[in-house]
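These are the structures in question, set out in turn.
One chain, chain A, appears in both complexes that follow, with chain B as partner in the first and chain C in the second.
Entry: the complex of A and B
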């Protein structure tokens, strides 16, 4: 079972926090701080697993984390989960975010925290892994997006226009996960 | 593209601002976030959030606030709570959103409720009727949302009220609903096992579901039930072995492949369950030898996920009644892990050795040199794991060396928790 999923940036600022076991508010913040402390002192060439730290439940719990540019994705799990399996699950989650947000970056997580939660809900439900196939997850999310679009009408237009512009047929859009820093990174291409 | 598109992107929201409230709505959230990122001190952040929270308080109590605006307030409330500030005055409104709003309001309301409230919270009782209604809705999305909330945060005492509806969903035509219903029932079993005892038969049906996704979900339940008492489920061994054989043999639809590996997470789950069933039981173990051999053979590719499967295979081989050829193959596998330059594999190799050492101390001694090297490894996690291993292979010959190394480690260790844990296990 997954006890918690924490996403924070290189300075420890939380970007998405999901606990699957109840902790009081101040306890949650302490756990975030402790986890950040543990995870940020790791080098880049060490393994992706850590003991859970005293606050989150001690020896039966592990932290499995991945570091992508400015963000740490940390899953706190108990011994019933496979470490490498969870590591790949994090990758699936990030790839799904990339598909749903079109070259996801930290900004997307900041401004669309609720959307990220909806996506996460299709991957992990109540601490249990629900779906591991990226295309299935995206399909579920698309289903929900359609109801947003149908409610939209004119008010949906700005969102649609922006995504239409983003979707213009541009050559050489880098397909690797480019979770960059705060500035919107737009690939420089030859002018029209 | 850069100039033209960036200008367009920044100008668009402004263009529509005057015409609709929607862009204005999301702008408030953007404004808040932008302001926070510009601040440098915690004190300033506190002040800003306090201001924001009192503005939100006014908004939620005003009768003129529309559902759409309430949605937006809720997202801001979630953002503030994530940063550690109390927005409990919004909790009741979250419930109202889920109760009274359309699908979009429900979605935000349910999300907010699952983030803010705990199982024992008194406000949750107000949600029960809404959940009951949504569970019966013909709208697929509403039913899904209700199932999700039920699996995340639902008052224990109200489970009997909702149980028949969730049970019902086990025979729903849509696969996603059946899958979510299975996990919801698993959650119920965890928090109130006596309430779900009578429907264990339905779990079997889920296990035989034509859709592999539903079957995979039911394995969560079975892993739990079998961990609690394996004897009652030995009869499942045959079916589980068959399922694993089919998966490993590539009989599942190609959508279940992950990097050309067929349903790896499912394989891992099955291997765990089988190892519990075969433990200390020669006749049950007999049924599994073939498929374990096959899994060990097939998982030869170089991807993280195949190593995950191999690891579970190896553990299974050492848990169940021993068979010489399998043990040999598994031992070789562990050797490869421990000697691997890939650090995650080294870690798993050490973990496997720690597990295996109770059955076969020779394997650890075979890799003694590598283990000693790992003690000086730069990675703290590896060092720790090595120490755990060393405890278990201490004998009269090497005890001095090992204790010396341990003391060295403890001296250099800053983590109180680790020290206590290690000293106690010692």
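Entry: the complex of A and C
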């Protein structure tokens, strides 16, 4: 079982936290701090598995993490999960984020935290791996987003109208028709 | 998107805060806005507010006031609001909050919603935070969805069922029939969920396990399909077709084939095929291969297959990728108990991994190395482990030292090697050893009597070099105190002789006493050692006297008490000093690993610094000090039983000892009663109450006839609920004319506090005639009760 999924940046600021086991709020923050402390000490060429934290689940759990540019993706799992499998799962999750956000970067995760949660919900449910097929996940997320958009309702109409107008592809209406000096050549008419 | 814009604005503002205080201020303002928003009621803005609240929650600020809002949003009809509401429920609610019960009804309704996305939201939430009551309520719904819905919902319902079974194991039977039929699904997501469900069902109930064994051929079929199928872009990860599903199925096969021949036979071919055909150049392939190896080792597979499996692990071990090496060591750890020899073959590589830079790999290598230590390879392994200890990361040190000690205890080829090893560990990592190391080492040293000279020389040199490692210093002080005369003699076959003068020794001890690095316990050791030296050296007794009297006004209570008592020994009881401070007898081995002996043994083998010269029982609690001295002056010829009572020292560090003291027995004079007297043989009995339920009885046989009594044996019987433990007798020959005695200690444990009775059969030979007699003891001489126990 996956006990927790944490994403934080190189300075330890959380970008996404999801716990599949109940922890009090201050406990959650402590776990994040401790995990960051353990993971940030690691060199780049050592293995991706860590043991030795004591806060979650005692001795049975490991931290499996991957470091992508400025973000650490950490999965806390117990012994019933295959470690290499989880490594692959992290890769699948990141690639899915990439597909959904088009070249995902940290800012995307910051400003669209809820969307990231919805994507994660399609991959891991209740601490168990739900779906690993990227295309399937992306398709489902797309459909759900469409459903949310379609039932925007009346209150959303003004905002939608504004964004629609902004995005409208109107051809440029020329405002200033600048007729510069035109040499109109008048043909010289012969005198009658 | 409207909600995102609001959320994004807030996030932007929060990020612009430059200090923590500024951020807190902004968030407080935002939270106030959100609270006002919630109070206002429905106006389409609620979902934005909840999204903002969840962001704030992630940063670590309190967000409990959003719980009711989640409940309200879940009950809304709009998908966008339900979505954020359910997310909020999963983040903020859990079964401990009362609000979670309120969403049960919403979930129930949503499970039968027309839109599959709403259904999936409900399923997801139930699987994440469903409490036992919610699971019980909604289980029939889940079961229905398992059977009749599209594959998207089916896979979610399956995992939801797993959660339900974990929360409420009794409901497992409900899902068993549907689980079996799910195996025939084509959709990989559903298959994956089904395998997880079946694994969970098998874990809970062995009966179900038998049922699902019939599904082994089906599983094998599915695996074969995955392994041999041509390239399918959908589930492909680095060339392997759906490795996640393969790994799950292999795990299930492991559970089904464990201890079952028919199932194992059915899988043999498949496992061989997977093991040989899987390409392990990428992580995905390695994951499948590793799972296959574990499965092969765990079921009753044929030997050829097992050899193949261990070879694969060996190959993994040599891989350059650290992840693979880590994984292979983890799996070797799992099989080292059952296939010890196979793993031994890779010992060299494993020991090399101890030198790897990566802490995780080092940790695995350490565990595996400790498991591989055996009588054959103990010397080489220990060398490697000691090298490792000197360079290992701090978090692994205490584990390493205890592992080394265990291994040394079990397999040491000689006492000297054992002592050397422990000394080496103490000098390298003395701060990280277990507390029992010091007494264990001392006990070991006393038993190795031929090595006393060698040991004390080595310890002295180590002490002179470095006094910062407390355990080493304690042991060194103790040994110097005990064997100081050997040290001063200077000669020792095993190491080059060095002349040590009495002044050198006293200097060393004084340095320990005065150093700020010494802990109070260490100072206690040093002071006692100095005192003991007063009988072993000849010239500097005055120096010792002055050191000791200096400490009689020390602030530390323990040291002061010792110093005062030693002073008394110098002044008033100088004639007894030699007897009091003579060599300690060999101690009983009483370590936790040893099954022999309970703690009320003949000599209490605790911290020897608290173990005063037992024969005199002199240095005990101050309250009974006076009566002890009187005891000594009594000069009785019954050897004072080495009862455990006087050994507890009041100022010990552990509170358990203090309690022991208060409940333990005072060394008041014990009563002796004669229980049997016939033909010149008399049997006396002495009682010591250890605890409320334990009594230690000493039987003393003495002989007043003209001839020796030989083959003297005692047998004892007690009422049923009482437990009896007889210690070895001091001998079986009682000399004539009362010149000597035989004592035997018997420990009675009386948990039910029945009235104690004992029947003793005495048998002996006297002048060639064999005698046998029985005596019944109905009442034991009541020992004096300690003041803390209320008398009857």
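Before moving on, here are some points about what is shown:
We take it that the second predicted complex is superposed on the first by the 149 of 192 C-alpha atoms of A that agree within 3 Å, B and C clash if a C-alpha of one lies under 4 Å from a C-alpha of the other, contacts with A are read in each partner's own complex, and residues count from 1 in each chain.
Throughout what follows, contacts are C-beta pairs under 8 Å (C-beta built on N, C-alpha and C of every residue); 3 or more make two chains touch, one makes a residue touch a chain.
All values reported here derive from a predicted model rather than from experimental measurement.
By the touch criterion defined above, A:60 lies against neither chain B nor chain C after alignment on the C-alpha atoms of chain A. In the superposition on chain A, contact is made by A:129 with both chain B and chain C. Of the two partner chains placed around the shared chain by superposition, neither chain B nor chain C is touched by A:142.
In the superposition on chain A, A:102 makes contact with neither chain B nor chain C.
Applying the stated contact rule after C-alpha superposition, one finds that A:83 touches each of chain B and chain C. Put simply, chain A uses residues 14, 16-18, 20, 22, 25, 28-29, 43, 45-51, 82-85, 87-89, 92, 110-111, 113-114, 117-118, 121, 125-126, 128-133, 135-136, 140, 143-144, 147-148, 151-152, 155-156 to touch chain B in one complex and chain C in the other.
Taken together, the chain B residues at the contact with chain A in this complex read 1-6, 8-9, 12-13, 15-16, 19-23, 29-30, 33, 37, 75, 78-79, 81-84, 86, 102-104, 107-108, 111, 115, 118-120, 140-141, 144, 148, 151-152, 176, 179-180, 183-184, 186-187, 213, 217, 220, 223, 255-256, 258, 264-265, 268, 272, 304-305, 307-308, 311-312, 343-344, 346-348, 378-382, 384, 416-418, 421. Per the touch definition, chain A reaches chain B in the complex via residues 14, 16-18, 20, 22, 25-26, 28-29, 43, 45-51, 53-54, 58-59, 80, 82-85, 87-89, 92, 110-111, 113-114, 117-118, 121, 125-126, 128-133, 135-136, 140, 143-144, 147-148, 151-152, 154-158, 161-162, 165-166, 168, 170, 182, 184, 186-189, 191-192.
Those residues of chain C lying in contact with chain A across their complex are 1-5, 7-8, 11-12, 15, 43-44, 51, 54-55, 57-60, 62-63, 78-80, 83-84, 87, 91, 94-96, 115, 117, 123-124, 127-129, 152, 155-156, 159-160, 162-163, 188-189, 192-193, 196, 234-235, 237, 242-244, 247, 251, 283-284, 286-287, 290-291, 322-323, 325-327, 330, 357-361, 363, 395.
Those residues of chain A that touch chain C in the complex are listed here as 14, 16-18, 20, 22, 25, 28-29, 43, 45-52, 82-85, 87-89, 92, 110-115, 117-118, 121, 125-133, 135-136, 140, 143-144, 147-149, 151-153, 155-156, 159-160.
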